[in-house]
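Shared chain: chain A. Partners: chain B in the first complex, chain C in the second.
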Partner chain A sequence: MDRSVASETPAKAAPPDRAETSNADLGIPAAWNRAALVLGLLIAVALPFVVKNFMIFQLTTVMIYAIAILGLNLLTGFNGQFSLGHSTFVAIGAYTTAILMEFAGVPFYWTVPAAGMVCFAFGFLFGFPALRLESIYLALATFALAVATPQILKSTPLAPWTGGVQGMVILKPEAPFGLPLNADQWMYFVTLGIGLALAVAAVNLINSRSGRAMKAIRDNPIAARAMGINISLYKTTAFGVSALYAGIAGSLSAVVVQFVAPDSFTFVLAIGLFVGLVIGGVGSIPGAIFGGLFLVFVPNIAEEVSKGLAGAVYGVILILVIYLMPSGAAGLVRLAALKVAAWRR
Partner chain B sequence: MTIGKHAALAGFAAGLALAASAAGAQTYDPGATDTSIKIGNINPYSGPASAYGQIGKTIGAYFDKVNKEGGVNGRTIEFISYDDGYSPPKAVEQARKLVESDEVLLIFQSLGTPSNTAIQKYMNAKKVPQLFVATGATKWGDPENFPWTMGWQPNYQSEGRIYAQYILENHPDAKVAVLYQNDDYGKDVLEGLKDGLGDKGGMIIAEAPYETSDPTVDSQIINLKSSGADLFVNIATPKFAAQAIKKVAELDWHPVQIVNNVSQSVGSVLKPAGLDNSTGVLSTAYTKDPTDPQWADDAAYKEWEAFMDEYYPDGDKTSSFTVYGYTVAQTLMKVLEQAGDELTRENIMRQAANLKDVELGMLLPGIVINTSETDFFPIEQMQMMKFNGERWEMFGDVIDGAVGS
Partner chain C sequence: MELFLHQVLAGLATGGIYACMALAIVMIYQAIHHLNLAQGEMAMFSTFIAWQLIEWGLPYWIAFFLTIAISFVAGIVIERTVFKPLHGAPVLAHIVIFIALFAILNSAAGFIWEFTIKTFPTPFGSRSLLGDGLISAHHAGMIGVTLVVLVLLFLFFRHTRIGLAMRAAAVNPESARLVGVRVGWMIALGWGMAAAIGAVAGMLIAPVVFLEPNMMLSILLYGFAGAVVGGLTSPGGAVVGGFTVGVIENLAGTFIPYVGQELKLTIALALIVVVLMFKPTGLFGTRLVTRV
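Take a look at the complex of A and B:
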């Protein structure tokens, strides 16, 4: 199953990045990309009819992580800003959905864009103080945000809306129009659809004029400014867009898990998203799927290897992965495809 | 001829009875077979609450002992315990894995209020027992709405009622001041205290909540002292409970002090607060304290010690968690024994709700487990104890704090 998702990724590895643009002429044949994309999509659509509900739930979680990682990637991979605080935006998205559903009776589907917009606003505003902080200092400031989030959610003034420590239980929507799908399958397809739309949006953004400006800021801020790019605007907007992705992920996770609580959004989640980003591949859009797979399945594998040393096993796997795939999982797949393509020539 | 006919009839009847008993006796839901019973568990082996992981390990060790001694009704226990790192979404994933992939008969002792809240709806929708959860919140005893969920330890409201009873009997004219943590747990204990005082609720002349995000509770204690109270109820988690006891002494305030059960650790509360300052503080308990010398020759204590030495030698023998895990595992054994060969999820809940005066070795003498179809609170009794400067000393009778009594 892991492999099936992997097979879809070289296809989406289309967005040109530094390594790739230079290789474009002897790159991966476009037909391969298209074939892999179609195959990957077919498998993604077929899977929920083959595997158990529990597995569908896990795969949905993978996609939710992937959406959040994708958002982080837009910020870190394409704009060069660090964040160890994305758990905060996931939390805001989740609580936006929970509160709208609980108190305003808004159907779940409308809360997803609402969560995205609220998070965009928060992210955009947070982008302003972030402007004054460079690389590791920004990482620290965002980390502080992640540490503070659970406590703020538990605090008394907010408790009437957030449910305090107790959190909030919400209902999972059933499949509409009498579709022959159970709730797990339906949420899988909702997540898949939203995830694909967001991935396409990300690819388009990266390949647009704005995307080039974002990358120029990452590569050389002074040169970018000399070219007339409004650095503050692009940096804060990048933060906002990144938070929007994280918020949508949070909104989806609230409904899939059917429960939100402060303990779901600790700094462990923030670090997890960062790990997923690096494992998947910084600056790679399909890499997000690998990051999600890693976050969901590797801790379980580590636990299976040794219960007592699960943490240590996880660490060893993490180091091995970084050692064997220095450019992330997506980089490895791309490299392998390039090798095969060169060999066939 | 007649005799023959009768004999044949009798034989036929006997045969029918046998067949019926055989068919009726062995009914299984997923997770149970002729040779084994699969039991799921979720514990925080990693993350911020990983200290509780000892409970899961103790339970696993206890089932090793059961299996080595022949199992329960001839079946071995297959204990599958997963880590959720105290994260509710992970708990949902692990619960679904246990129910849908491992196909356990029941989930036992899932730990933490947030994690259990996260899986409660799912477990009840799937009709899989969520048995003896490891949290003291009062909401686990709600058979009407959640017939597949049951707590185990004395719930926070029962504890509050027990303090109320003690106060009414021994300090009927007291002016009571209460410090409490401003969340579910703190409010639960406070509610129990108020319910227990009943129409004497006016005895509470001052209440001061604190947030877990507060750096200290000093200002709350100053306010409580200025109210003129002479009995102080300390409903706080270890760090804050220690601060409070220390501040009371610093202010030269000398009320009768009650500290709640979660903060009775000598090492992490009373020592930091100062053993002198803590002398005379009251609290409650329901299990035997393994460090208390009065149990040194107790048969049940020795049995526990032998178990720890043989099956969990790395375990901490001074920790209440290992006593807790041992005792709660014994409770489940009792339920499985009662369930006999009818290992259905429904029968498990029926038997869990049918425990009558069960005594377990490491519970304090006189404390018994009782449940019924309407009473999903297994342990509701506790005993008062007083700190003598070195260790806790039990005193008085076992007090019943049953909610609704």
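Take a look at the complex of A and C:
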């Protein structure tokens, strides 16, 4: 297993890197990237004024998933560590927000960084046993973590704080300063703002010295160590940062849904995030948004195709997507853009 | 002390279930070097097929072996149709396909046979054999069948040409291909065998936990724990690991407050993490040496 992963990971990660370096000469023109970014932002800002409230809620959920997927991507796509257990960190983030708001009366906005820090600490600590685990073993340990999480949240010693099986109800904040926005629209913009800030942070992290160290560890841990990179430190920190993203996503989701309960954070969520990561594109920052869209809308589509067989339809769509877009949605878009750019030249 | 012994016996009885599952998991790991997340659902689906055959009036043992044959063929078909085109794809893509299979099988079983709980017959009877009902005839039969399967597997891998070819294909596909082993078909065969063993496990487990589409989830996790404790490269280790997990689960449930009853799955988690921390290859596994 170790051998096959070591040989596959670089192969999987190579295309985006190669595209990055060749952007200048025969890749996608830089102006296109900028245009796509501006266009995406304009659409994102305009959308909540044209669609219905429920749609705004769904789009907010898309962004929340995207934030969590982004965090998972930092861990899996850029550091080569598996996780099938990120629902745990989403849960810790959500409960941190809920408990702070309920028992300490802290305003929502202050609980977001708190949730992030708490999750960073948990992720950093979980990173230590993770150091000993390679690829599939790590996937397994994190999967067990995801399955165990709802049981831990429901357990008697924690029940006074977590509300046990019933969970906790939270109030959604209204738009401040008399802004002409309803609560759904306001949360949409809060999520958009936090998501953009986290995406910029992720891009800067990836392009920094630390980011290069993370990628070096992913591509060849032994060579990375030989170059003087502190593998333990970077791996545990990557786990912490990844958990921080998931925790912030959890904190936002708690407020958007106005409710936290143990059964919102089952292994189904963990597997969903993983699916979103692969569908969006491993090792691609914009891919996270495609992953979020898939997670929110494809189950609905499956449900519409057939009520009884929704799970089967979802599975078939999943298989087809893997066949048709082996490098994820982001990879497909990049490929299409490259084709068009080459054809114009 | 008597309580302790009773709990150990009860643990061995449930451990038999996990050992069955762990054995199926290790089998497929041997063939494809991936942990199959859909393994439990495959076993569940096979068990439903057996249930349907018995409903149609077939005698138990005919249904039993017919189900094994159907599962074997189905395992090969799944490999040939779904996984062969993805040969060489990254591990992540494989895991997503496992998840897709999981969703498809679970949803299809619920659609065809509904989510109501069904009873499944046992060929061994449910008389009490030992310790006042702690180990019933069915539990003993289950453990017996698991051991028989284990011995058969051992003989197959040790003493047949095709078993040797399968091991070669798993350990070093390139070299195996060079000496004339048809690696692709060996992988398909591994899938077929894993599906067949899963079917045996499912049919033995169903009388204890009852038959329904979600019956396998926690068992799969304990099976994983058993496989990891024993070592993913060792079928014998997986069986020992399965029994160990059963016993530890029961003892913790009796002697540690809170933890045992409410946090059963957390015990599996703790066991996986602790064993992997101190012995990353499991108790009986062999270490793969990698080259830079």
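The rule we apply is simple: the second predicted complex is superposed on the first by the 323 of 345 C-alpha atoms of A that agree within 3 Å, B and C clash if a C-alpha of one lies under 4 Å from a C-alpha of the other, contacts with A are read in each partner's own complex, and residues count from 1 in each chain.
Here, a contact is a pair of C-beta atoms (placed from the backbone, for glycine too) under 8 Å apart; a residue touches a chain by one contact, two chains touch by 3 or more.
Computed from a predicted model, the values in this text were never measured in an experiment.
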Quiz item: Does chain C touch more residues of chain A than chain B does, or is it the other way round?
Solution: C
Exercise. Tell me which partner A:Ser208 touches in the superposition: chain B (first), chain C (second), both or neither.
Key: neither
Quiz item: Looking at the overlay, what does A:Val169 touch: chain B (first), chain C (second), both, or neither?
Solution: first
Practice problem: Once the structures are superposed on A, label A:Ala310 by its partner contacts, choosing first (chain B), second (chain C), both or neither. | Solution: both
Exercise. Give one of first, second, both or neither to describe whether A:Asn53 is in contact with chain B, with chain C, with both, or with none.
Key: first
Quiz item: Where does A:Asn230 make contact in the superposed view: on chain B (first), on chain C (second), on both, or on neither?
Solution: neither
Quiz item: Looking at the overlay, what does A:Ala261 touch: chain B (first), chain C (second), both, or neither?
Solution: first
Self-check item: Which of chain B and chain C A:Ser253 touches, first, second, both or neither
Solution: first
Quiz item: Of the partners chain B and chain C, which touch A:Leu318 in the superposed model: first, second, both, neither?
Solution: second
Quiz prompt | Contacts of A:Gln151 with chain B and chain C, given as first, second, both or neither | solution = both
Practice problem: Pick out the shared contact residues on chain A: the ones touching chain B in one complex and chain C in the other. | Solution: 151, 154-156, 310-311
Practice problem: Would you tell me which residues of chain A are touching chain C in their complex? | Solution: 1-6, 8-9, 11-12, 76, 84, 129, 132-137, 139-141, 143-145, 147-148, 151-152, 154-157, 220, 222-223, 271, 274-275, 277-279, 282, 308-316, 318-319, 322-323, 326
Quiz item: Any idea which chain A residues touch chain B in the complex?
Solution: 52-55, 57-58, 61, 151, 154-156, 164-167, 169, 253, 257-259, 261-264, 266, 268-269, 296, 299, 303, 307, 310-311
Self-check item: Touch list for chain B against partner chain A, complex
Solution: 45-48, 81-83, 85-89, 92-93, 96-97, 99-101, 113-114, 117-118, 120-122, 182-184, 209, 211-213
Quiz item: Can you list the chain C residues touching chain A in their complex?
Solution: 33-35, 37, 82, 85-86, 89-93, 95-97, 99-104, 106-108, 110-111, 217-218, 221, 224-225, 228, 232, 258, 262-266, 268-269, 272-273, 276-277, 280, 288, 290, 292
